[in-house]
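The chains carry the letters A, B, C, D, E and F, assigned in the order they are written, with residues numbered from 1 in each.
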């Protein structure tokens, strides 16, 4: 039996409080499916949202850079949902198509050279360990 | 039998030409182990360097952003060599410790939520497919 | 050309023998798609089923713990089929929604801290190698 | 330049507060390297420890089951540090050698059948989506 | 907003030149979706095609062996598109169903033993480093 | 507490029987560390060896092709032990340095294009599903 999303109208007060904070913080009318599914575990919902909110707030890195890094990881892991949602989020934060193209080129190249380094069993240069 | 690095003095003219271009482009006195091992396959060495050089040139994304994305992928894949070399490259390109800390926090969080999305079998919101 | 499932009525005696054993062992009326596709290679079908049967039999670990570990791996790898089938199997073996929520929280956290350990290049504590 | 661990004597009050909580909660004399490296980012240190502490507290799942799931993920991802530290933690929480052997057998089998399901392109059985 | 494929009739001269080369080299009437999407970044399209063409040309390894290795990687990574396209390419290059079955068995077993080696923390035999 | 290898002289009769079969089948004087560690779980040792022996026997694919596929998977997963041991095994089975170079080039390219397909969210061509 697959789980169903929990909609706002059916949510407990604890879940609604998180949904409200997401909607206010992101200025959206409804939360994404990710949060509606995670709502099956209210403690996990709150902890995950609190962490995402803290981590994704602009700091030493700006919002679009953080979203592009999120997308780079999601593409590497092949998480379909995450690629769709963070592509949208990165574009909303200012990623142009040219930026997306370059991001994908770097992600592709890194995935390639990671395996070349593995396969050729390249030892770490002493300079990198200083 | 593990392979050994190919040093400049022992390299063929084709390999030396790539090593020279790496040294000139990066303003370094010697190339990293990665290139010395890949030199066992001169065609692969040249193709990989040409691609890396083209992809990592600043364009719509600047150099430090590209290096941080490279690092995010390498950390996700757990490539020890690549983490060491691209940590160094990102720092050289301007990544501060505060930027590294935020990068790692995003990479960690993305790896976590990728699995939450997988495990809860979250369907893609129609808005993301428009 | 994608492969099609092999149904019992179309199966060879060798494949039917495995299907019969799965149905008897699991007390089900039909085998899952996984086995119907693997049936294209009868030797692989038999070897895989024999291993799964031996490994998933309760021993030092009970059935629900084994199924939750299977699910944790499948979620980490992002295998959609395996997540669907082993979610069902784990629930059948006694995994409650509270257990599922905690399982997912651990899987998410482990995927996060695995990358933090990678990225910070944390050396193994001597105590762990004793 | 690789980072160095931050020892208690050199730590800021914010970092010391987390180290103290780890030592008290786990009844250990010193924290593991993981925390000494993560201490370079005090906000990440605190957030990660708070989450780990909340998630690993026995609830619907007991401590040893949670540690074994953590280990299953770490083994799947090939995180050397995490395998070493969570092998130790799981044994401390009660994992016997027989339990470890069965855990590894399930992890190995799941990683195998995940790929068989991928490669044979097995569609999800309708029963799993009900 | 998801991207759309770029069809030949709507493509720039630079993109058409690559599409033409793919069609001629592979003796196909139209290019696969992969190239139609990558065409959003013409530089990446050209670089990727040039590399694929060079790498997949028979040399020390024949065409079917190269396609099977491509498929083994794609199955391990769980890339649905790549599994579908390289299954087709491998069959076109001569992979029989018996070869596919054995390929999958090796891929499954390697994914299993990779994790057993990780989990048991097996040190590399000195003989492998000579 | 890390595990130690189990040497022949200290092994139980059941473990010795497997070790003997490995030594005879492979014409080697001693088994690799992998088997000495797996020997902590004699049932897993026997099951894994029986599967490896059956799967790696030449059939529709010859020995060197099977070893190269094993290596391609191990490189993709970044399993250091497996890369070392299967590099050696592939060379012993006849893989030349030219073959190794081409293998690595295909593995690298596949890991790259797997991510490009993920990131561009490329839908499967209808022709591949026929």
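Keep this in mind: a contact is a pair of C-beta atoms (placed from the backbone, for glycine too) under 8 Å apart; a residue touches a chain by one contact, two chains touch by 3 or more.
None of the values given here were measured: they were computed from a predicted structure.
**Q** Greatest Cα-centroid separation from chain B: which chain?
**A** Centroid comparison gives C as the farthest chain from chain B.
**Q** Return the chain whose centre of C-alpha atoms lies at maximal distance from the corresponding centre of chain A.
**A** Taking each chain's C-alpha mean as its centre, the farthest from chain A is F.
**Q** Between chain D and chain E, tell me the centre distance in angstrom, where each centre is the average of that chain's C-alpha atoms.
**A** So the centroids are 34 Å from each other.
**Q** Using mean C-alpha positions as chain centres, tell me how far chain C is from chain D in Å, no decimals.
**A** Whole-Å distance between the two chain centres: 20.
**Q** Where in chain D do residues touch at least two different other chains?
**A** 1-2, 40, 43-44, 47-48, 51, 55, 76-80, 84, 87-88, 101-105, 107-109, 111-114, 116, 118, 120-121, 128-129
**Q** Would you mind writing out the residues of chain A in touch with chain D in their complex?
**A** 1-2, 43, 47, 51, 54-55, 128-130
**Q** Which of the residues in chain B come into contact with chain F in the complex?
**A** 1-2, 40-41, 43-44, 47-48, 77-79
**Q** Chain D touches which residues of chain B in the complex?
**A** Listed in rising order, the residues of chain B that touch chain D are 78, 84, 87-88, 91, 97, 101-102, 104-105, 108.
**Q** Chain F touches which residues of chain A in the complex?
**A** Result: residues 71, 75-76, 78, 80, 83-84, 87, 103-104, 107-109, 111-116, 118-121 of chain A touch chain F.
**Q** Going by the contact rule set out above, which residues of chain E touch chain F in the complex?
**A** 2-3, 32-34, 37-38, 40, 44, 48, 51-52, 55-56, 59-61, 65-66, 68-70, 72-74, 76-77, 79-82, 84-88, 96, 98-99, 101-103, 105-107, 109-114, 116-118, 120-125, 127-129
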